[in-house]
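In the two complexes below, subunit A is the common chain; its partner is subunit B in one and subunit C in the other.
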Partner chain A sequence: MTAPTPSARRPYPAALAAFGRGGTATVLLLLVLVFVVIATQNPSFFQGPPLMAFAKKAAPLVVLAVGQYLVIVSGEFDLSVGSLVGAQVVIAARLIDGEEGVTLPVIGLMLAFGLLVGLVNGLVTTLLKVPSIITTLGMMLVLFGAVRYWTGGAPTGSLSESFRVPGRGGIEDVPFLGQLPWAVLIALALTVVAVFLMRSPFGRSLMATGDNDVAAAFSGVRVQRTRTLAFVGSALMATVAAILIGGYAGVTAQVGQGLEFTAITAVVLGGVVLGGGRGTVVAAALGALTVEALFTLFNQLYLPSTIQPSVQGLIIIAAVAYAARRGELRLPGRLRRRPDHEPEPPLGTPRR
Partner chain B sequence: MNRPPASLIDTVRGLWARTGTTGAVYLALLLLLVLSSVYVASQGRNLFTTANTVDLFTRSSLLGFLAIGQTLVILCRSLDLSVGYVAALSTVVAATTMAGDPSRIPLGIAATLGLAALIGLANGTIVTWLRVNPFIATLGTGLIIKGFLDTNFQGPAGDVPAAFQAFGHTRVGVLPISTLVMVGLAVAAIVFLHRSRTGYHMYAVGGDAEVARLSGVRDRVPVITAHVLCSMTAGVAGLLLAARFGTGSALVYGNGYELEAIAAVVLGGTYLLGGRGGVAGTLAGVFILATLDTVFNVLAVDPFVKDVLRGVIVITAVAIYARGRPSRSAGRVRFPSGGPPPPVPDPSPDPTDPPSEPGDAVPAPITRGGGR
Partner chain C sequence: MRIPRMLLAGTAGLTLMLSACTTDAPDDAAGGEGGGTGLTPDAEWFDPAEYEAQLAQREIEPEGPADEPWSQAIEPEWTDTAEFVHDSPEDATVCFSNASVSNPWRVTGFITMEQQVEALQEEGRIGDFRVSDAADDDNQQISDIQAFVDSGDCDAIIISPSTTATLTPAVETACESGVPVIVFDRGVNSDCMVTFIHPIGGYAYGADAAEFLVENLEPGSTVLALRILPGVDVLEHRWAAAQEIFGGSDLEVLGYEFTEGDGAKIKDLVSQHLQRGEVNGIWMDAGDGAVAALEAFEDAGRPYPVISGEDELSFMRTWDEEGLTAIAPVYSNFQWRTPVLAASMILAGEEVPAEWVLPQEPIRQDELQDYLDRNADMPSLHYAKFGGEDLPGFPEAWTDR
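For the complex of A and B:
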């Protein structure tokens, strides 16, 4: 996968082909549809400030979805991100405790903690061969219990003002938009980084690992290292999301709860196939935006907030059923991993 | 019988081959019971007082119902994340249907199990016909039920007649009725898996759906059956909860039952990717988790530390199984996922190479080698 191929020199047509095949177009259409419905309910939604407010609220989920994408595309799950976000926010509040001076060191510590959590997830999954659902489920329990034990049940301390800047601050007085939130810029930057990461040799290895790890191992991919790095990436993204969410919403005992399922929903809505090997970063990010847009729409339709889970459930089933139907039409052999699937396309064919 | 040592080894091997990891799980359960009773005794307490034993069995019954159904689903290489929500919905349906009238108990039970079966049917249909990943499909149905419960039942609903509450509280000696029912159900499930055609087909489909299909198995039927049965056992768990609480309580879905049930199944040695394991092991897994909970309770461990320990123990146990697994599959998995790349020194293989080796290696990793 890492050898320079003719298509690697012509990334544009390859990207275009992936756009049509990976479900990106579908989720984009869905997003536009939701936006149109929102606009009919609330015509002022696209007047800059409300749109930026929406983007600021959606940014953490985008970051989480990109992180979850890395793990899912490598064929695994990360269920620990929700409780990692919760743990990080509580850690930040407890350690900063309102002191401006320690903000940066604490952020550094949080990143180190995220790195450690991702490393443990990855190593337990790859070296000890524990299924990732169980690994990250265990990590979820461990983080949940440990942080509450440490703080005595309820979060203590408070965040400093400078810690909250990335989550709720921004570049003020931008024409038309009003405030351009830092959160949006951070999410955008991380998405771009992830897009380029997926085009690097590492990204290709990750994709190959998710598609068929045995074939990838045959081709010289270090499967264990690649997967471990994916978990580390997911945990680091969750840490960034924690900084954004903590800044935006402050500290509560419930922060992060259920976020792992929302993030997986977002990724899956983007047409990324659970089980790995298919889907794009951009689609995952668009999936996150779509999920947030749907939540916004529910609010505007004055649906009781309690009905939201039902609609969310219906939508993810429908989206995945639709994606599965497309998959069956186009890629029967490889999706089902039949022994007698048709021969691989020649090297140089885009694998996405 | 001429060579006693060899025959002994053969016996052990035979036992191992027949019971698989199940024997090991029961050994672990026994070891855990001995170790924890010794430890609890060293702390000056007794683990096997009547109260503690009853507590242990009571804890095991609820988790047992959920885990038995979950085992069937996981054997088919599926997953059910909706059981917690189905159980919560069942408490509400049972309590509101019975409405405090003892003569409506059969109706309440029938309505609960019927609705649960319908949900299972929906799960199975979505997974098999719409080809939705089971993780997402059952998460989705779970969320749909959650929305329904949150919108319509904020507080306790309905009333369970005293006659049915007996299901939650009556016991024979130290054995609660609910535990006896659970063990009976487990035995029924074991017989079902080992004696019925559908039971065999569940293992076949879980092992490799495509091979099963090519062998003439209608590959969707076992999966749908497993989902229906799983939802129904979740319905029984809901009935038990309703009997214990005396009312329908929608909020019990927040207790993370589905994840605990999956943990019990995996702890019991059932392979998360389907086709291997069984209900007997799950039963041991359930008792292991219940014993741990009881021990933590007796020692008054901080509830948050309890979560940490539970997470660590589940991961450790599964890691140990993963270590032991090659004994059964080593012959088939040539290149375990992520192992060092196979020794292929020559990047351009000689075309005159005998093709037997690659042809031999290809089918095996495709079916099982993808395991993590």
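For the complex of A and C:
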């Protein structure tokens, strides 16, 4: 196997060590493994164009996973992104309806709508103290229902050619690669932005909030504002993903369905700990690539689509268990397994 | 913990490798589920007698006015409805339990139905029209039907069942309440209703598409089948008919893929097949996302395949613009008019066919321009054979949806 097996004795650069600690090594190993199996099935996969086709397909999920990462690392969930992607594509199709001229205004409107949804998610979670899993579940249903109501059940209209450029087009005639898709460049750029964001004071606050929001608050982090901004970030990323997905394949009734769980799967596979405070952006992005690579692999293997979710589930559990065994995932205290013999408080004494 | 780590890594690797080995025969394994060549229809979904009957029905001249296909019937057996005659039909309440409007085909049909209701109300042939929508939930639809029965207000109940077996008892309950029951689109395992309205059916649809590919492709050409979901009878019948026809042809079926009608998934799956080799033909069990499949060819710089889509407009427009070799099999959308017409006939005591088989003709190249012209103002995701051109509200009701 080509993946580096870290040897315990040999000292290696600090950056590499940090790379390993974030869970990045496991997901990278899995990604390489999946790619190797794909290569045995389809040797032409690593010639430029098929690889770019794969990257183009995977780009929206990478963007979504980076958005989801922001929320998860702050200790929350965002279940509304799948519905938001669906809503945004349907809104775009209906408002544009094939007219080139309105493309940019509609994209602006979509970003504003994404901003609004993120803000509502964030404020309801932080100010009204509704757990985010409930807030965003509610938002998921609200968006789903509102879009169904607005369209009478299924989408109508069509996207303009220029709207579809980011998701479908690219720089043509690149040597070896063929077409270098815009979607890949956009996903790459957003990932880099997120990496720098996480190194900024805001990123540190976000991480601290997810690790322990009480301690973060005592040390001067404005927890509510930080979390709200994380939701806004996630919703904006979902909007970009919607532009890429709509561009990739046009508008269908099913667009966006189930994407929230695919995005969360990608983030978790990247070793980002649910509950917050641990994990890296790069690992989340690699997690997204791995999930897409698994989908591709299943298809290459002609695995019956009915069994695919089960195999996907097994691989995810195995990967996270593997990472936990390696000690890459240091669970925060409240998520760590309870001791076997927890002292039972005597009857009558109130629990803390 | 060294051993468990190695064990886990080993198991994961082994799982991947094993699954690679066991299904390592992409040339003859058609998708996997069926095993073998995959071109023998699954007995559960293939009724040879019904298949033959549907293929034969395609050739039979339907009774009724030729310019109103929604009033036509193939070999009708007329049933007497005098017992249901209503003294003042303009006050009669017609209730409709809809399975859902969760796809563009059903949205288009439901708009047509509402416009037909308006026309009949103006003529005083029916009164109030009540609708409940079960959003694809069997349990919801059972309670919707029960609520109609319990209210006692309905003078006729129209049901578009969500699934066949589960809804059968609910339909029987409605029949027992004594009001005339009309079932359309998907059927139920009962004949208690006054009339069951449907186009010829899934076998004819799948056969129209498969026969076109067989006729228009060289022997030895490769065909990829794109299916929406497994286990839905109307869709399984289409695939069973295609298997039957492909099985007796010289075409090579690469396999079938389930797409859930999701454009992104369709485009990705087709792109992957194109990376591995030639795809000369595409067979689809429903036209949703046909354009996404075609784009995969365009983006890969390959010649367009011979394709069977559906009478959905974005596909038909692409067909025209790109000069494709294509066919649009039709699952007659105009059937949504027929149940309310049947209700008005029953309330007037007129005879209706016990099984009302509507014509179902694919759109071929020679009719393409005609249907595109007729639907010039209609949006994408509209169905060309919606049959509502003569109804009040045309065209706004369909264009501003």
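A few notes on this one:
Throughout what follows, the second predicted complex is superposed on the first by the 305 of 352 C-alpha atoms of A that agree within 3 Å, B and C clash if a C-alpha of one lies under 4 Å from a C-alpha of the other, contacts with A are read in each partner's own complex, and residues count from 1 in each chain.
The rule we apply is simple: a contact is a pair of C-beta atoms (placed from the backbone, for glycine too) under 8 Å apart; a residue touches a chain by one contact, two chains touch by 3 or more.
Please read all numbers here as calculations on a predicted model, not as lab measurements.
By the touch criterion stated above, A:Ile171 is placed in contact with neither subunit B nor subunit C.
In the superposed pair of complexes, A:Leu274 makes contact with subunit B only, with no contact to subunit C.
In the superposition on chain A, A:Pro304 makes contact with both subunit B and subunit C.
Applying the stated contact rule after C-alpha superposition, one finds that A:Val193 touches neither subunit B nor subunit C. Touch criterion met: A:Leu141 reaches subunit B, while subunit C stays clear of it. Using the contact criterion defined above for the overlaid structures, shared-chain residue A:Gly220 touches subunit B, although it does not reach subunit C. Of the two partner chains placed by the overlay, neither subunit B nor subunit C lies in contact with A:Ala39.
Judged by the touch definition given at the top, the superposed model places A:Leu314 against both subunit B and subunit C. Of the two partner chains, subunit B is the only one that A:Ile133 touches; subunit C does not reach it.
Applying the stated touch rule to the two superposed structures, the overlap between the subunit B and subunit C interfaces on subunit A comprises residues 148, 153, 304, 306, 311, 314, 321, 325. Within the complex formed with subunit C, the residues of subunit A that make contact are 1, 29-30, 33-34, 37, 40-42, 44-45, 49-50, 53, 57, 97-98, 148, 151-158, 168, 245, 248-255, 257, 295-297, 299-306, 311, 314-315, 318-319, 321-322, 325-326. Contact residues on subunit C toward subunit A in their complex (touch as defined above): 1, 4-5, 8-9, 11-13, 15-17, 19-20, 23-24, 26, 29, 31-33, 100-104, 106-107, 110-111, 230, 255, 257-258, 260-264, 266-269, 271-272, 275-276, 288-289, 291-292, 295, 299-300, 314, 379-382, 401. Per the touch definition, subunit B reaches subunit A in the complex via residues 126, 130-133, 135-137, 139-148, 150-151, 210, 259, 262-263, 266, 272-273, 302-312, 314-315, 318-319, 322-323, 325, 335-339, 341-342, 344, 362-363, 365-367, 369-372. Remark: subunit A residues 75-77, 124-126, 128-135, 137-142, 144-146, 148-149, 153, 212-214, 217-224, 227, 261, 264-265, 268, 274-275, 304, 306-314, 316-317, 320-321, 324-325, 327-328, 336-339 touch subunit B in the complex.
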